[in-house]
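One structure, as structure tokens, below. Some questions next.
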Amino acid sequence: MPGGDFHPFFFVVIAAWILVCGLGVVLFRNIIYSAVSMVFCFLGVAFAYALLNAELVAIVQILIYVGATSVVILFAIMLTEVQQSYGQLFHRQAIFAAPLAVAAAVVMTVMVVSTELADVGDTSLNLSVHALSSLLFNRYVFPFELVSLVLLAAMIGAIVLARRQGEKR
Amino acid sequence: MSGANNDVMVILPGVVVAATALVVFMADTLVGGRKWVLPWIAAAGLIVAAGVATAQWIDVGAIGSVWDFVSGSGSGLFGGGTAESGFASMVALDKFAYYCTLLFCVIGVLTIMLSDAYMKKRRDAMGEFYGLLLLVITGMIGMAISIDVIALFVAFELMSLPTYVLAGFIRGDERSGEAAIKYFINGAFSSAILLFGLALLYAATGQTNYASIAAGLNNLGADAQSGLVIVALVLVAVGFGFKIAAVPFHWWAPDVYEGAPTPVTAFMSVGIKAGAFVGFLKLFTVAVISAPEVWTAILTILAVLTMIVGNALALPQRNLKRMLAYSSIAHAGYILLGLIAVGAGNVSVGASGERVLDTSGSSAVLFYLGAYAFMNIGAFGILVWIRNRRAFRYTLDEVAGLARSMPWTAIAMTLFMLSLTGIPPLIGFWGKLYLFTAIVNAGMTWLAVLAVIMSAVSAYYYLRVVWYMYFREAPGVAPAGAGAAEAGAVQAGAVEAGATVAGAPVTVGAAGALETGAGAAAAEATLVADDAGPAVGSAAAVVIASLGVLVLGLYPSPLISAAQGALRVLLGG
Amino acid sequence: MEAADSMKIAVILIVLLPLVGFITTLLFGKRMGGKAHIVPVALVTVTAALAVYAFGWVFQHQEEPFVWDAFSWIVAGRYHASWGFQVDTLTGIMLLVVGIIGMLTHYYSIGYMRGDGGYYRFFAYLNLFMFAMYMLILADNFLLLFLGWEGVGLCSYLLIGFWFDRKSASQAGKKAFLVNRVGDFGFTLGMFLVLVTTGTLQFAGVFDKAETIGAGTLLWICLLLFTGAVGKSAQFPLHVWLPDAMEGPTPVSALIHAATMVNAGVYMVARAYPLFAQSETAMLVVMVVGTFTAIFAACIAITQNDIKKVIAYSTISSLGFMFMALGAGAWVAGIFYLFVHGFFKGLLFLCSGSVIHAMGGEQDMRKMGGLRTRIPVTFWTMLIAAVALVGIFPLSGFWAKDEILGGAFAHGYYVVWLVGIVTAFLTAVFAFRMMFMTFWGESRADAEVQAHIHESPKVMTVPLVLLAIPAAAVGAVVGWPPEAGWIHRFLDPVFFAVEHEEFEWLGTGGALMAVSLAVALLGVYLAYVLYLRRRELPERLAARVPWAYEASLRKMYMDDIYEVVPVRSTIAFSRFLWTGFDVHVIDGAVNGIARLWGWFGDRLRPLQTGRVHNYAFGILAGALALVVIVGWVWGI
Amino acid sequence: MSWQDQIGFPVLSVITFLPLAGVVLILVIDLLRRPAARLGADGAVEGAVRRQTWWPTTYKVISLATTLAAFALTVWVLFVFDKSTSQLQFVEDVMWVRRFNIHYSLGIDGIAALMLLLTTLLGFIVIIGSWHYIKDREMGFFVSLLLLQTGMTGVFCATDLVLFYVFWEAMLVPMYFIIGVWGGPRKIYAAIKFVLFTLVGSLLMLVAIVAVVWYVNGQGAGLTFDIRALSDVVYPYHLQFWAFLAFFLAFAIKVPMFPLHTWLPDAHVEAPTAGSVILAGVLLKMGAYGMLRFCLPFFPDAAVDFVPLVAGLSVVAIIYGAAVSLVQKDLKKLIAYSSVSHMGFVTAGIFAAIAVADNAAGMEGAVLVMFNHGVLTGALFLMVGYLYERTHTRQIAEMSMLATPLPVFAGFFLFFTLGSLGLPGLNGFVGEFLSLLGLFEYSHALAAIGALGIILAACYLLWMYQRTMFNDRGEAGVMPAVSLRDISPREIVSLLPLVVLAVWIGVYPNTFLDFLHTPVQYILQQMGPSIESARDGAVAHLIEATKGLF
Amino acid sequence: MSPLDWWLLLAMLLFCIGAFGVLARRNTIVVIMSLELMLNAVNIALVAIAQFRAGSQGAGVLFSLFVITLAAAEVTVGLGIVIANYRAKRTVENDHFDEMKG
């Protein structure tokens, strides 16, 4: 598939999928449904990456999000034993938040779309996995190392937080 | 130096800090009960990192006399030199980075000292605490040396994530937890916004490297003020504005400052803020320098709102931590003036057609960050110190009469409050003077006028602390009238009070400067509670901060020269 | 220059000795107790001798006055004022009056004030007064004159309020000072105008340029200076302090409020003769004010019952006479009157003091009577003084008064002359009303007081007698022949522009003299009828025209007007400024701004809801707003 | 002229920092005398420390010694002072902050010399005056007084704008404490009001300082904060206008000029005696001094255009202050408002002097009024303090006939009252006469109104005197025979220097005026062209300035 | 509209949906999920830009990889915080966390 080639049909389908599932996350009353909807959304995003010719990202997306993150979230849902939101689903400010979100989308879209970017075109940057990893471990090795520190911090942080009080290791 | 060697040299101070973090984590599992070594390790790591940075920074051969060194007139400390980039222009070790690294290490060491008594109570979590703190500092150093938005964002996250944890470090404490959740949700929200902004910036230029972004924006010509760039810059400003607590992205600050453990609050108020400002400064003045009109407009709005709202909301606060939180919001507003000065200032065209900035705004920001570090850490340090000594809910009423019970503490707090107000000859004054010169020089005098009016407003709540400490009496202490009261009665009462509290610990300061009426020690005796024990570290931190505020206030040249020299060679610009 | 050098020493001593007396008495007088008077009295005696010496010097050097810039006082910018002294014939006359009466009053006070708790203080103040008064008359520039001017005012304040534990005394002292201050206000502005116009304050310098000053400016200068004189010399409408000033000990009344200080205004106007003489309008004002005051005060004096008040209003009236003279152009006559008035009015006061002393402090004439035989020395001296005051041949007052009236008539001010005649008539009435009520008839005092009546000690009566001599004779001595007496020749160098006409005994001059003498005698007779022969008449008269009587008794309501118009309104206005404006408007604004900030901060607080989602909303909304604003600013 | 040529040691620094050295000495000894009171010391030790009765005397003596030494040095300086030149003298100059070319530079001209004398004089007088006044935290009080003196001295000596500003602000802090810790019932309100008022003005001044300095820098003249160098620059009118306003606001608040005066009565009433004396005696002078030093020579055109406004406000202040004094019930408040009135003469004199050519007398008079007011009002506050120590009240209504039990006191009180109401022969007269004369040259009408203030001054002062010292209430007013101790030798000693000065200046003011001739001429010279051009019309200038804003 | 614009539009819409979730939902866990949506939206944008923007050298793709990792870390920490708070307050509804305000 020629990279970066824009397929209106696939785009529309995937976009619809992503947005509907995204809405599902936000709108479902049952938190489990929300979580499942999120997983589907992530899947859609993975397809979008594929459509954009970034297979590695798509795979990583599926591995990390669909595989790991979703599970963590589900665990959290189980741990907090709150499957359903009782009472109000939304804050009262939702009636302001919805227009705000719409307005944000509109304003940003108008502003972004109104800007004609000169250099946009089908550059079909077709990076192989090899090329990507080469970049990752040469040019981007510094952020890569930093990310590892972030993960370390997150892990330790999660342990610190989730540990019960007074609990000894 | 060259090649990979060179790359490592470029990030060496950061590597030292990160490595120390790992050492702390590991040592945590190895030392068993001897947890007290952990802070020493952490501090040592920071000091080594600072030493490394200093060694790399200073051109030893050109130091000249000691006096030149101190007054900054020699070229050895700040003049000349080159900047080196590494990791394929991902990071750069320029004088800016040295300055920031040194600043962060100082802040880190002071925070470690401040937290001694606090962590003594939470021995088992010491490793995590100091390790995470070091990781945050690594992230901050990363912000300072990044010259690529990807590195910048990762460093940003490295700076943020452990802070969320630190804010919620007191498990079981609802306020601490609440602080963490507020900080986390808003923080993640705003970093997503920041990320989107960076993505749009990337969209506009197709580049992530600062220099390339600058070139790309330059190529855009008039489009450098297009809707895309505006949205991108606003979103970036949201992300950084959140971290520096600029209005209207400041909401978290008071709640989190109040709820988080006080040493962490102290760290957040100066460290995180400094880190974010440093990243902000470098990104805008290096990468987005081609579109100064846009971000100057954005920052001007932010600065005006921040100064007004911060000061207005600090006024009614009766909780000292909250008051300091709002004051720190207000100070963010002042510091923004420096950034605006850069954007609004005289941008001349260099020899090869590139834009050359007037750096006085940037150096003012760096100077102010340094000055602010001393005074605000000091102020929070006093709160920690009082909390170490007695039950203390950080309210204004509780510091009433402090001048009698803890005279030296009161004096130090007065110094910090006056410095925050900007009263000379304390360091806060020079910070403000520096900022005002920058902004006036940039032709935006009205902002300076607004800032001074707000400073006058701020004087009210800063001086309120002083008046509570000095002009009021602690509850239960008979007020001794100034003129009319019989001296004998007061003396007798004081001696009596002194006798009844035999055994109550007296602070180092109580041996103090002002003729005290013994007094409040009696009330204190029953309250001195859980955190008993000498907290030498906190005291030392406060002393260091006071000395910094006072000595650098009397002779600010070294810090000014450093801040100015830090901008002399700015890689990527 | 032998003589000048000796004069320098004399002048310095004249000024300094009383000052030394003041300081030493103030510092050590208390320890000296009843002997506290020794130093000041001795010093004043020496000073009087020196004053006489100075007079003698001036007598010899009439044509060239002694002027000496001792040392500079204020040097600022292009202005310069110095401690400079000037002795000319006018000064000489004043020196004589001040020196002699001052000395005699000091002696008199030894007796009068004996036993008073503030004995030493009294003499200290008196000496300070002498210092200031000498300074006033010896000054060679307006500023130094002003120093003496204010100095005598201060002493007047201190001495009127000498018995400060009496409310009325302390009130009266304050009133005197404040009313004088109003005059000084004008005097100060006058000095400014002089200074700005001529560049100097030195008399000689100013008068040299007098002709170059524009008419309008000159008028202003004269009017402003005259304001000062009005205050100091108790002219209408600033006369109100002088009657109250009688709260002070009687020697003070004699010395300060009759013989010397109150003359300062007259002296000053006379001194500024070259200025006034240039401005007809100013002269007219001086004359009108003087004339009006003369008759105005006389009308009040006629109903007063306090013996000192009568003399006080009489003094006001006399001072009015002097201004009338000056304004009418009869300069020498004015000074002549000042000269003789000092003696007989001083004497009159001292005698009244002796009467009061005899009556044990009683001042109400309605409780006196029949004292003629009980205190003969006092009676005879007082009678001389009264006759002199009324102006009956050949006593002093006659010559001076007659020259004034003659002068007014000669200059064509017939109305003024007529008013003067009426005043003279009234003067005769109230003066002899006082004499008859006090010395004739039967005594109306309590038995206890009656028993105590006694003649004053020698130390008081001797000065009375000594003073009676000039009071009786000096007028004839220096004023003979009328219009051309010695005093005219003596003062001519000062009032160089005055021309003399030959006095015609059988012409207008003689006729006028006869008229005034007749009027005075008529007045005495009327008093005799009203207050000795038909005592019931005054009451019936008062009942016939109650409004007139009441107005006279209530001092023409001047005090009431002052109470309401300037005093109360000032206080009310000040109170409004303070509680209304200062506290509410200004401070209200200040506190209001502070409160506004607090309010603003408080209103913002609810925004800080503590809820995460609100915060996030704020962030996003803020971001959106920023985009819109910045985008809008750039018109996208 | 630098100190090397004149006196052989940096005398201004020594004068400035001698009190600070005293503070250090006191603190060191205080620490040394508590050998045992360290960590873990108990109350017994505290008690033992407190029983060291020699200590209060010692720190008072140290305070007195340092301030007396500063005064003696000042007198020496005045002897050495060269009155024939307008140059700064005893100049010291050390680089301070290289980045901004800020110098630690001191130097005085004649005006500053007089103010220096006043500062050091009142400095030691209040030490004597406060000897037994403070009962609580006494050492802190003396330390504050010494710190305050260092700040005030520095203000008058500094010749670098930033150094000036540093001293100007630094002096706020000890005053804040003096009012706040040792003040009366509403001390907190008064203290914070004092600080905030001053701060608002001085912070705006800071912006103006920066704007002025950076303008000069932008003209290529290089960065300098040197006052003389900056005052030689000709600034564009709109900068002059706004910078003048900012400077003027700062100084007008300090003076204080109507309607910015409301901090003053509160501060004076609540402050302890020494605080009031210093406030009235020195602090108010700093405002007028600032006008002379900055507003006029820096911004001559703007200053000239502001003359009508300032002169008008000054006259209003004269009348207003006097009128409000008239109805005060509190002695201190009365004197406080009278300060507003008296300082009106100062500002009137200063600004009248620049309104018309060759009007140095007004300005010299104004400076003399500054000095005189320091002496007289300082003395009056001191005496009210002494009175308060005896009667424990400052309410006029609660006093009467005090001249009976306190004759000597009443004498002194009368002396200063008379000086204050401008009796010729005492110092008050000379200054007010000259400044009113200056005003008269500018506007006869304003001077006439201003002169009304002299009448009112007599009214309120004599009324005050009558109500306190004399009998004001008939028989009822006679105070019961209370045994009040008449004035003590210590108190007399504290007042005598002021008496001497009051007479001296009244009789021979040239000793002091001589110091002023050349500096005033210097200022007027700098103003010269502006005075000539003032007739172009202030309104046109104002419009121009407003345009410059945008 | 260029193809990139379409992708950016998609990204912005998803971003705003996520933002709406953050603003509107009470359940903290859903809020965290919404945050993830926002990050995914950015990722879509990044990858799209990398593909369509000339001279972008694939930085966007790598950026997105980092973001995915960071997002995972963020979720971990976030959920840790939520759980810790749940222990203390037995609730995950974020409007219960309003003890500190004003």
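Worth pointing out:
By written order: A, B, C, D and E. Residues from 1 in each chain.
Note that in this section contacts are C-beta pairs under 8 Å (C-beta built on N, C-alpha and C of every residue); 3 or more make two chains touch, one makes a residue touch a chain.
Everything numeric in this text was worked out from a predicted model, so none of it was measured.
Counting only chains that touch, the fewest steps needed to get from subunit A to subunit D is 2.
When the partners of subunit A are compared with those of subunit E, the chains appearing in both lists are B, C.
Chain centres were defined as the mean of their Cα atoms; on that basis the chain farthest from subunit E turns out to be C.
Nearest to the common centre of all protein CA atoms is the CA centroid of chain D. C-beta contact counts were set side by side for B-C and C-E; B-C has more. Chain centres here are Cα means. That of subunit A falls 33 Å from that of subunit B. Mean C-alpha position of subunit A lies 102 Å from that of subunit C. Mean C-alpha positions place subunit B and subunit D at a centre distance of 39 Å. Among all residues of subunit E, those that touch two or more other chains are 4, 8, 15, 18-19, 22-26, 31-32, 53-56, 62, 66, 70, 73-74, 77, 80-82, 84, 87, 94-95, 97-102. Counting partner chains per residue, subunit C shows two or more touched chains at residues 594, 605, 608, 610-614, 616-617, 620-621, 623, 627, 631, 636. For subunit B, the set of residues that touch two or more other chains comprises 150, 154, 157, 161, 164-165, 168, 171-172, 180-182, 185, 189, 193, 200, 203, 206, 226-227, 230-231, 254-255, 460. Interfaces, counted as pairs of touching chains, are A-B, A-C, A-E, B-C, B-D, B-E, C-D, C-E. Every residue of subunit A that touches subunit C in the complex is listed here, in rising order: 91, 93, 96-97, 100-101, 103-104, 107-108, 111, 114. Interface of subunit C with subunit A (complex): residues 611, 613-614, 617, 620-621, 623-624, 627-628, 631, 636.
The part of subunit C that touches subunit B in the complex is made up of residues 594, 597-598, 600-602, 604-605, 608, 610, 612, 614-616, 618-623, 625-627, 629-631, 633-634, 636. Those residues of subunit B whose C-beta lies close enough to touch subunit A in the complex are 7, 11, 18, 21, 25, 86-88, 90-91, 124-125, 128, 131-132, 135, 138-139, 142, 148, 150-151, 154-155, 157-158, 161-162, 164-165, 168-169, 171-172, 180, 200, 203-204, 206, 220, 223, 226-231. Residue ranges on subunit E touching subunit C, taken from their complex, read 19, 22-26, 31, 94-95, 97-102.
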